[in-house]
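Each of the two complexes below includes subunit A, the first together with subunit B, the second together with subunit C.
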Partner chain A sequence: MTATTGQVDQAPPVTRRRPRVRAIEGQEVALIGVTGLLWLVLSLATDTFLTSGNLQNILFTVAPIALIGIGMTAVIVTAGIDVSVGSQAAVVMVVIALLVRDAGFAFLPALAVAVVSGLVLGALNGLLVAYGGIHPIIVTFGTLNIYRFVALQIFGSEQVAGVPGAFAPIGGGAEGRVFGVPVAWWLTLVLAAGMWCYMRFWATGRHLYAVGGDAFAARLAGVRVRRRQISAYVLTGACVGLAACVLIGSGGLVQQNVGAGLELRVIAAVVIGGTSIIGGRGTVLGTLLGALLVGTVTSAVTLLSWPTELTQLFIGGFILVAVGVDLLRERRRSAR
Partner chain B sequence: MRVRRSITAAVAVALAGVVALSGCSQKNPDAAAGGGGGAKRVSVAFVPKLQGIPYFEAMNTGGQRAAQELGIDWIYRGSTTADPGAQTEIVNSLIQQRVNVLVVAPNDPDSMAPVLQEARDAGIHVMTSDTDAPGSVREAFVNQATADGVGTALTDALLGAMGGSGKYAIVSCGQTAANLNSWIEVQRKVTAEKYPNAEIVDVVYAGEDEAQSVAMAKDLMNAHPDLTGLVGECTASAPGVAKAVTEAGKVGQVFTVGLGTPQSMKQYLDNGSSSAAILWDVEQLGYLTAWAGKQLAAGTPLQPTNNVSSALPAVKWTDSDKQLLLGNPLRITKDNVDQYKY
Partner chain C sequence: MTDTRVPSAPGAAPPGGESLAQRVLRLALTERVVLLAVLLVVVVVWFRVLGDGGYLVAPYDVRYLGNALESMVPFALLAIAELFVIVSGRGGIDLSVGAIVSLAGMVFGLMVGEWGWPLLPSIVACVAVGGLLGAVNGALVAYLRFPALIATLATYYAYSSLALVSNANAPISTPPIVALHSLTRNVHLPLLPPVPLHVFTILVPCAVLAWVVLSRSTYGRSLYAVGTNDIAAGYATQPVTRTRFTAYVVSGLLSGVVALVTVAQFASARPDAGVVGNGMALPAITIAVLGGVAIQGGIGRVGGVVVAALLVTWLNAGMLLAFEGSEGSQYQLLALGLVLVLSALLNTLALRRYGRLA
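Here is the complex of A and B:
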């Protein structure tokens, strides 16, 4: 950063004061309130919600969405988007399913392959976004199709059936739980906490916000814009790799359509979590809460024997409210 | 700088295009064989809902075997996405190729009807197989099983395992899937009439998504602690419900059956979480489709009962709705699952 200050000395000096950010933001408080209220009502209204089986299922189902959401939050904060995560997951899942089933890979080697292949797919997205000069939604829309093609090529003309339970330690069964909580959820919590600290306290983490707020100004201020963009997509790819292992879990069937629509569920969680879709604002904590809210509602609809399609109505409503609130705040800010 | 950037962009787009195109063209090796050539052999083209899933690949295997035995050309061409538009394009290109018989398993029966009319106008015999296009000009529909057959087989298999009574729930897939909904209708009816002590407590829809059906099956077990049965209504949710029971540690307490392909159900049939999979012999369905195509092209009228092959000695034909029925559904258990390689 010091190297470039000579050229931009008319710009205001970088403030020494720690930026005044509240530990927890407005939308997060609202989300904690809504989710907490929902849990309370469900616990009182049914005798099936507040059971270990149900809570374990919610946390486990939410984990892959939240995991990818960690990377996606960084991407969207940089004013980007990655709609290819579903296809990335398909590529990773077919690769590791075949390795586990046909080559007898154990848990850790397969996990490593998953994360590395996710990294590669994410890096390709990042390079195209940073150096291609094409809008991220177009780039990743392209790679959505290309990665799906790659996955289908690897599938050949067969789905992968009879995958053994190599990933059972992070799967949905009893062996995938520690202290009664799914390991997949512990993993999500640890990564989310790390990312939350990084985006709040590390300089390069703060730079993600600068890139999303105004990439041009960020470059003038000495932020390595391309490097930050690439890092966000690479991180998302790695998260997809982990989520793919969770999704395979105790094994079974991996179908060609696997991961289809996953991107929309992840982006929904991020947006409901208060991350601004135009970039520059958002937190991993919000995403975690957004994913939890969506997971609770999805599960509650079945628990209450309501028609399944109501889930879509609720999630749609949450997205519109979240984006509406964000736009109102933005308008108020620019009016000032 | 700006110029270089746009060149990079152009190259990237071009590369993406090349990859996508090579993907399309590579998938249809049979097409050339069927299109060219001046041979007088009858050509029967089958367009599945989508290519690359084991179900339709097994149909293709049966169709190819029939083609060899019956001396016809069998063309198998489908899209890699279950997209009505992509399917229409493939059908149009087959019309251009002037195949003798065109068989479609339509993704969207309504939008397929006018395309079938075009084929008919071009002098091509048209059929449907696996999924019908009611109200279209198709001359025959090869029906794998009746709704009564599937619905009854699913109900009997599940209640056999549940001891004839108890609460059960259904994890279905697409909410608008007409065939799945018609099976569920029959399951409701059979359960009410034949098993007065059994009850369907809920029907949920997980899309064609295995992970989602696992989650919803667990939700159902949590919502109804006294649940003793689950049905997976499609090839995604059949292994899904069994996986949920396995993971919840409720093998032997909650019984499942489903409409699943044999190899995807094998591990659950073996561990006891799935009592039976109901399906039909998909290869025979492909065989029958090719056979029916040959009869149409030759103008041979179908009989009320047809001797197709040694495996299909009495296939029923109903002239009023022009349906050819494969037969009774197949019940796949841990004892016979290894006979089926798909």
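Here is the complex of A and C:
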């Protein structure tokens, strides 16, 4: 928050202060530490964790969450939230699964359709939030149901089986890897890097923080608040479109409950990554690390052959710790 | 940091010479109960007409409507729970109610079904467990100042995970649990269609109690004050933190009651009772918002929430009859989403136009 509003110091500082914008935030360092520690412990405790197959698997399963997290970071930074991403993913997945299977779409056209349909779904959220004057959680709770209805209607009360492997180039198989790393993850990294630069160096990117810090003040300062809000939801929709392609991956079966609960995992990754839920603070880098931590925990519970239901307990715990640490730092910052 | 601007100034007094149309509009927008009652009549009449025209697969009659009340009880109670929490302000919301229903229900199932506890202490313990889980939320939100959305998201994860682990992901339906089903049997009263027993034994007492607490007690006035503007309430010597904490405890207690109801209804304690599908929190929040609860806090009444729950219940019941197969439950999703967004739009409109909301 303080880094974004560009305050002018009242008195000239006695000592030269450190630049406000740091390349890496404290929370991100902590996350790297925790994840690294987990990896160390796991590779000592199990002999299956530190194998290329398992690491590839973690990266691939984390990729959709991280992809959507890129957009979700922007949304939450503007003090919004989008709980409809799971249903959005369901709509996009059933559409492209049918296109690939029945209309014989190739990789790129199907990808384009996915991104565009994601854009449209996101734009509806954005318009309702910006112009409807409704709280984002209410809007997206509503569209969560509406989009799920749309998806089920397209499904026509049966699942889509036998989807061919049009998306294998970004799927989880061997042809979906470059230099041993899943292409989906490369895609995530490139997009995240672009978004990181945008939110850090572009004027409109900084405006996202201003909107989240205080929308009223941002408007007075000349920020196009509504346009920025809409852009965040539209971006999330596009990310969902990409993630849907990754989720279909090498094809197979698309079930009707697909994407249910995805929104909570994405929000968990974003929040664990240090983005403040009340807006105005957070980075895409943190979200990537948060997603990685969630993926590591999920994998760890499986490898240690604990009950898989415990995964959620750990994710809940990590959310509380991450937000608690953030609150402490915030309190110290405002006390200074 | 938090937005402390009050949603609106006190309403400009309506000018004396407004036309009838304006008056009706104002009444419909500001008196939510009136609008909901009108909608309720419209829904019932509409489905009756459809039924007479032969478009429904079964008669939409008084007996059917009475039976449908069974599914109203949990959602009305949870919507009242959300009412308390949302009214308490500062982004108050409770996503964990469904998970509390699961976990408290499993604890109840273990106590009655596995450990052979007598019924009455188990009921008390089940509600108490709900209150305790709510107190965890309340401590996080009120005392540690976590954002409610995130705190209850985290506890949603934690509670639903514990509920699944508690009996290794298996439901409990031993004979003592199955016997509880009689608590939800239909009762035949004179002049009324058969109505599920727990409407009278649980829903009505809880709703009346909630109304008394919110409208006729010091705590209720304090809660509305805190939700409207907690800084002002603090200056007015209201116990802000404790009041907000209590709202989450109430939400947990009501979730504990719902846990009892669902165990009895299904004759089984299911580890995913409150979180399966879209879970219970989402419909509860929808009903609360439809019932005129403003998400900014400080505004909302029990009466509106109960009528909204009735409206949603009978609308859903009608849609199940209007479509064949699973289509009906799909259209329920559409209706739930549309109703949520439209009622929120209506709240915004009413706030903008009249500066108040009932």
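Keep in mind that, in the parts below, the second predicted complex is superposed on the first by the 313 of 336 C-alpha atoms of A that agree within 3 Å, B and C clash if a C-alpha of one lies under 4 Å from a C-alpha of the other, contacts with A are read in each partner's own complex, and residues count from 1 in each chain.
What we mean here is this: a contact is a pair of C-beta atoms (placed from the backbone, for glycine too) under 8 Å apart; a residue touches a chain by one contact, two chains touch by 3 or more.
Treat the numbers as computed from the prediction; the structure is a model and nothing was measured.
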### Query
When the two structures are laid over each other on subunit A, do subunit B and subunit C clash or fit?
clash
### Task
Give one of first, second, both or neither to describe whether A:Gly142 is in contact with subunit B, with subunit C, with both, or with none.
both
### Query
Of the partners subunit B and subunit C, which touch A:Leu128 in the superposed model: first, second, both, neither?
both
### Task
Pick one for A:Ser157: touches subunit B only (first), subunit C only (second), both, or neither.
both
### Task
Go through the superposed model and pick first if A:Ile277 touches only subunit B, second if only subunit C, both, or neither.
second
#### Entry: Touched partner set for A:Glu309, first subunit B, second subunit C, both or neither
both
### Message
Going by the clash criterion at the top, which of the stretches 78-86, 132-140, 150-158 or 330-338 from subunit C hits subunit B after superposition?
### Response
330-338
### Message
Identify the residues of subunit A that lie in both the subunit B contact region and the subunit C contact region.
### Response
128, 132-134, 139, 142, 145-146, 149, 152-153, 157, 260, 309
### Query
Taking the complex as given, what residues does subunit C use to touch subunit A?
1-3, 5, 91, 93, 140, 144-147, 149-151, 153-158, 160-162, 164-165, 168-169, 277-278, 282, 285-286, 289, 295-296, 325-327, 330-331, 333-334, 336-338, 340-341, 344-345, 348, 352
### Task
Could you pull out which subunit A residues touch subunit B in their complex?
46, 48, 51, 53-54, 57, 60-61, 64, 128, 131-134, 139, 142, 145-146, 149, 152-153, 155-159, 161-162, 171-174, 247, 249-258, 260-261, 298-299, 302-305, 308-309
### Query
Can you name the residues of subunit B that touch subunit A in the complex?
5-6, 8-9, 12-13, 16, 19-20, 23, 51-54, 57, 80, 175, 201-202, 204-211, 214-216, 218-225, 236, 239-240, 243, 246-249, 261, 263-264, 266-268
### Message
With touch defined as at the start, can you tell me which subunit A residues reach subunit C in the complex?
### Response
1, 81, 128, 132-135, 137-139, 141-146, 148-149, 152-153, 157, 214, 216, 260, 264, 267-268, 271, 277-278, 307, 309-313, 315-317, 319-320, 323-324, 327
